[in-house]
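Naming follows writing order (A, B, C, D, E and F), and every chain is counted from residue 1.
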Amino acid sequence: MKIQVINPNTSRSMTASIGRAAMAVARPETEIIACCPQDGPASIEGHFDEAIAAVGVLEEVRKGVAAGVDAHVIACFGDPGLLAARELARGPVIGIAEAAFHVASLICTRFAVVTTLTRTRIIAEHLLRNYGMTEHCTSVRCVDIAVLELEALGEDLLVERIAEQALLARDQEGAGAIVLGCGGMADLPARVSERVGLPVIDGVAAAVKLAEVLGELGLGTSKHGDLAYPLAKGFAGRFGHFGM
Amino acid sequence: MKIQVINPNTSRSMTASIGRAAMAVARPETEIIACCPQDGPASIEGHFDEAIAAVGVLEEVRKGVAAGVDAHVIACFGDPGLLAARELARGPVIGIAEAAFHVASLICTRFAVVTTLTRTRIIAEHLLRNYGMTEHCTSVRCVDIAVLELEALGEDLLVERIAEQALLARDQEGAGAIVLGCGGMADLPARVSERVGLPVIDGVAAAVKLAEVLGELGLGTSKHGDLAYPLAKGFAGRFGHFGM
Amino acid sequence: MKIQVINPNTSRSMTASIGRAAMAVARPETEIIACCPQDGPASIEGHFDEAIAAVGVLEEVRKGVAAGVDAHVIACFGDPGLLAARELARGPVIGIAEAAFHVASLICTRFAVVTTLTRTRIIAEHLLRNYGMTEHCTSVRCVDIAVLELEALGEDLLVERIAEQALLARDQEGAGAIVLGCGGMADLPARVSERVGLPVIDGVAAAVKLAEVLGELGLGTSKHGDLAYPLAKGFAGRFGHFGM
Amino acid sequence: MKIQVINPNTSRSMTASIGRAAMAVARPETEIIACCPQDGPASIEGHFDEAIAAVGVLEEVRKGVAAGVDAHVIACFGDPGLLAARELARGPVIGIAEAAFHVASLICTRFAVVTTLTRTRIIAEHLLRNYGMTEHCTSVRCVDIAVLELEALGEDLLVERIAEQALLARDQEGAGAIVLGCGGMADLPARVSERVGLPVIDGVAAAVKLAEVLGELGLGTSKHGDLAYPLAKGFAGRFGHFGM
Amino acid sequence: MKIQVINPNTSRSMTASIGRAAMAVARPETEIIACCPQDGPASIEGHFDEAIAAVGVLEEVRKGVAAGVDAHVIACFGDPGLLAARELARGPVIGIAEAAFHVASLICTRFAVVTTLTRTRIIAEHLLRNYGMTEHCTSVRCVDIAVLELEALGEDLLVERIAEQALLARDQEGAGAIVLGCGGMADLPARVSERVGLPVIDGVAAAVKLAEVLGELGLGTSKHGDLAYPLAKGFAGRFGHFGM
Amino acid sequence: MKIQVINPNTSRSMTASIGRAAMAVARPETEIIACCPQDGPASIEGHFDEAIAAVGVLEEVRKGVAAGVDAHVIACFGDPGLLAARELARGPVIGIAEAAFHVASLICTRFAVVTTLTRTRIIAEHLLRNYGMTEHCTSVRCVDIAVLELEALGEDLLVERIAEQALLARDQEGAGAIVLGCGGMADLPARVSERVGLPVIDGVAAAVKLAEVLGELGLGTSKHGDLAYPLAKGFAGRFGHFGM
């Protein structure tokens, strides 16, 4: 089984790190194809970045479909372009936020999310609402570190900042598990879990495993209704290749 | 006051028709600048079309901001790119779906939406949820005519097909007003209203008027929080012009 | 276009101040007719005051209809008698709370309300729920000053008290705009906005502009269904004039 | 214990009928004082009728408090003036809609409401939402008979019309109990139940019993917060007697 | 009328205390039959305890039905086995949590719950959601005393600990009434109310009174639909007596 | 990895069939241990059956924990005893309804459920609500065949009856996938899918795969908060072995 893991931003080092996290949990027989768009933002920290990145995701999904991959993972916590990507694919398409929420809801009654910038909190809150998970989440907490500074900060300090928020969620809000709210935190669940004493879920790992599950169950995206292949039509200009 | 009315698809004739509808309701001192993206789908009938069209919307908003327009209207019933566009603009940005829903909720306790394809119903339903309007809507009904066939069908037949659904909503569900769920129906509210005996709201007209209102009240998009200008960062490839 | 702006309490000075705020934003060709009931409470600070004031609102709407006004604004933040008033009128009837909420939701993803007494907070919370706006509001905050003491306090102190709450909403809850929750604060949006650095919405201004919009769009209250004219029937005693 | 049962409309025969229904279920030691306002609509079939009737309810509650009654029942299915009445009273105030909903939810997982005019359905739906009962109700169904024609129709025909709707709710929606949605149906629960084979709840009876319960438990309206006695203030004109 | 009051845990002293609380509010002609299961946990402080205790509740309801009781009260704040018990009974079955929530919602707009262990808070929160009462509750607060230590602590200290939380709910959240969230607190409402200045509701008393009400109204559990008697089928092993 | 698949009813043939369905999707290195309680109902078709079956589930989970299994699946569509079972286990515990809902929500925007008896529909509806999935489900549909008659009916007829409902959900409600709502349908997804043209999800398969996923991710039930091991306490009578 080939799973395409798409980092929606154009950072090569984050793509590599996400690929490593994916491979670390994939089954031996699963092939992980980590990629990122050629065009788009270096990091995704708002509605605008997301809207642009969604096009890059769709370009990558299109290439993945052409290359015969079996499933697609969108490895940014806002799940940019998720429903649109599902229209393009017959195989499953999984967002890391939805994957993390679903998995977290299986092991506790209420989880907390720790993400990067306060500015992006609303994106996670909108996803919780869209996926029906609002009641299962105690809060979305932020460490207020920009995505591209996560690496520079050093893992020790980053773990500490995440743990600080996670402990508040555990002790003041009764969170039973922690969801890491950024693809750039994919290396950290074990260390944060050790520090906090709670299960910690990284969406990249969760999404790869869910993609494997759907593949093994023979389930792909429903091609009936709003997720059917896009209706054939003309596309103008630089998007002309999407048209028919 | 200059209001940029963006048709998110690339159809020139629909852009012209939307522009006419906008001008028909604009105040004499309002200048309507109707435009559409150079790049993107000829019509928007699904999540994929929307995701691609959102980029075109953002390009146009960016141009509009550079040209000093005072407000922006996104004239496709899925409100593609709305929150992203708000990050780019200091002036107000109004989607025609949200405009129509808000206006409808001021004149009746429950309205119905009549839109084009069944396939796109979920898009309207998601917007109703996102805007808090689910309870105010009796149903989203579809005439199952593709966007680009609306013109070809001829206005008489189209009015008839819309009226058919509207009357069901009125008589079986108690809808007190009808929202037309497509920018391509912007010419029809008067005729449908006459046929159905209910107020009929076109989102293009509603959005233009709300944009005027916000302008006159001196209100623009909040630049505090998630709608502040996008964080400066690099953009790669064909989106490089968005970066800093 | 004639817009009747009804202050539901019987305070002449507040009626004058609301009238000034309405005129300050009305178009030149709009005539503002500010009025208040002859009978009713001097201020509205609870469910009881509201229920009594609603009758005064209805009496005024009735007079307004007879005098041929085109639209009606109910200028108390509890929107007393709103649905009942819509039954009486063919033109639009707009409450200042609903107007402020709708406008606020167009310029930010989450707004806060700052109102007078803690006692009345539940009224605003019920309205947020009724209008589908609960998720769009971070909190309803109170300065705990009685309505009739707003004037006596002096504008400087009042602005300071409002700003104090608004800043908490901005910094602790991420509110992107502030709604002023009392007709008696209609003079203050500019000063509060300057102090707080956020857009500030006064419902009186918002409602007047929305009434103009509906008028220009040719939209009035739906007379189909529950907002149709009241069924003809007898009314006893002092309400006999409502009967037929 | 003295329970004031207020028919919010001015129909003497309906007041008598409601009084009989109340007495039929009251405990021997309970005194039922059935009354109706001197001023107000002959029947309540819309938002306007309700708003006017609420004042009559408040006048009666005020008299009841002065006369030392222990509890108050508002015997119209829209519960007009409920929260306002609670401000006036130290004893409990119970609306017949809320009473019926609460009781119904104790004996089935989903109930249906059968009320009079389609026009008033939204009032019941709003109450279901306000009381948190929306999910517990399969639908609000209407026999489309005006309140004042209920008597004229004759009990046999009326039972048949109600049963017709109730059977649809039972067989098509799985309703486990029926709530009668009008004070004018207070005599009918036994006959409808016999005809339909489901428990049938009349709100007048339910409210009287809940009032007794609260009285026996020593529980009255909370005088802390928004239901505390109205703040002392001036009332103008014909409502001057409410002021201080 | 005979009301079976079932303490779902096996503590004899708590059963006696619950029985006393029930008798204290029952009508003279009501016979209270307090009982507890022979098999099950000594106290109920989690999902597991509840699931086991539910069987004991069902055994007791079965005995109660055989003995001809008229109604059943489940006297643990998690309402264990409530819907299952309703299948067994023709008479009403009332849980003390639901009873307390319903009664509280009749005397204030928002109530708070004070219960025992933080661990069990989610149980109360789930019930609030299930019964549609989430919006009517400001918070569920915990004194963090184990159920079986409530007695040992001494009534004075216990009242103090409950009052501490209740006062926070009153002053910081605007709660208008307090619901005691444990059958083991059934003796305390008067003392807590005196200390806190709010109405205080004990679920045991509330449930007994609601059971009386339903009995007097001739209303029992709906035997149509999901609460009909269990379908006849085989039960194996120690549950063989439930089978047919 | 050892996964205990618990059929909550006592039917050996259904246990075998569920075991086969589990083994059919399990990875080669996964050991499936299918079991059912010694004590309990032969089938589960209501709240009562569920409450009794929950104890059997807990007994089996306890044995499974003692035997060192890594994860537990509860293979009845009501997920009986789910939260209680999680308290007993360190490994994950997955219900087949929740598994099916989560998986379905990854491949379509709205799914339908087809289950056995109309009587049990409310159980599925309550679970949808509890898991936040109500909005993602178009309806719960019933074939009205008792659980123990599923086998007797013959697979052809059963597939036909399920397909009939599934096609209604697809064509009238826009369902994009079908969830089979009974452990006794675990053999049928391929045949129903072929007949209906939609992805069809069986909860047993879904739950086994999710259990594998959690195991491979090193995630077990959170032992912090309400899912921590049960508090040590006495259990009386036949449940004495649960005590300490």
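In this text, contacts are C-beta pairs under 8 Å (C-beta built on N, C-alpha and C of every residue); 3 or more make two chains touch, one makes a residue touch a chain.
Since we're looking at a predicted model, the values are computed, not measured.
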Task: Least hop count linking subunit C to subunit F through chains in contact - done: 2
- [ ] Enumerate, in label order, the chains that touch subunit A and subunit D alike.
- [x] B, C, E, F
Task: Copy-to-copy rotation for subunit B and subunit F - C-alpha atoms, rounded to a multiple of 5° - done: 120
- [ ] Give a one-word verdict, same or different, on whether subunit E and subunit F use largely identical residue numbers at their interface, taking over half shared as same.
- [x] same
Open item on the list: Based on mean C-alpha positions, I'd like to know which chain lies farthest from subunit C.
Closed with: F
Open item on the list: Measuring centre to centre with CA averages, how many angstrom lie between subunit C and subunit D?
Closed with: 29
Task: Separation of mean Cα positions, subunit E and subunit B [Å, integer] - done: 52
TODO: Please work out the Cα centroid separation of subunit B and subunit D, and write it as a whole number of Å.
DONE: 44
Open item on the list: Can you list every residue of subunit B that touches 2 or more other chains, as numbers and ranges?
Closed with: 83, 86, 109-110, 121-122, 129, 135, 174, 225-227
Open item on the list: Chain contact topology under the given definition, line, ring, star, complete or other?
Closed with: other
Task: Each pair of chains that touches, named by its two labels - done: A-B, A-C, A-E, A-F, B-C, B-D, B-F, C-D, C-E, D-E, D-F, E-F
Task: subunit E-facing residues of subunit C, complex - done: 118, 121-122, 129
Open item on the list: List the residues on subunit F that touch subunit E in their complex, please.
Closed with: 10, 37-43, 45-52, 54-55, 58, 81, 83-84, 86-88, 119-123, 126, 129-130, 146, 148, 225-228, 230-231, 233-239, 242-243
TODO: State the interface residues of subunit F toward subunit B in the complex, per the touch definition above.
DONE: 109-110, 135, 174
TODO: Under the touch definition given earlier, write down the residues of subunit E that touch subunit D in their complex.
DONE: 25, 27, 83, 86, 92, 94, 98, 102-103, 105-110, 131-136, 170, 174-177, 190, 197-199, 201, 205-206, 209-210, 212-214, 216-222, 224-227
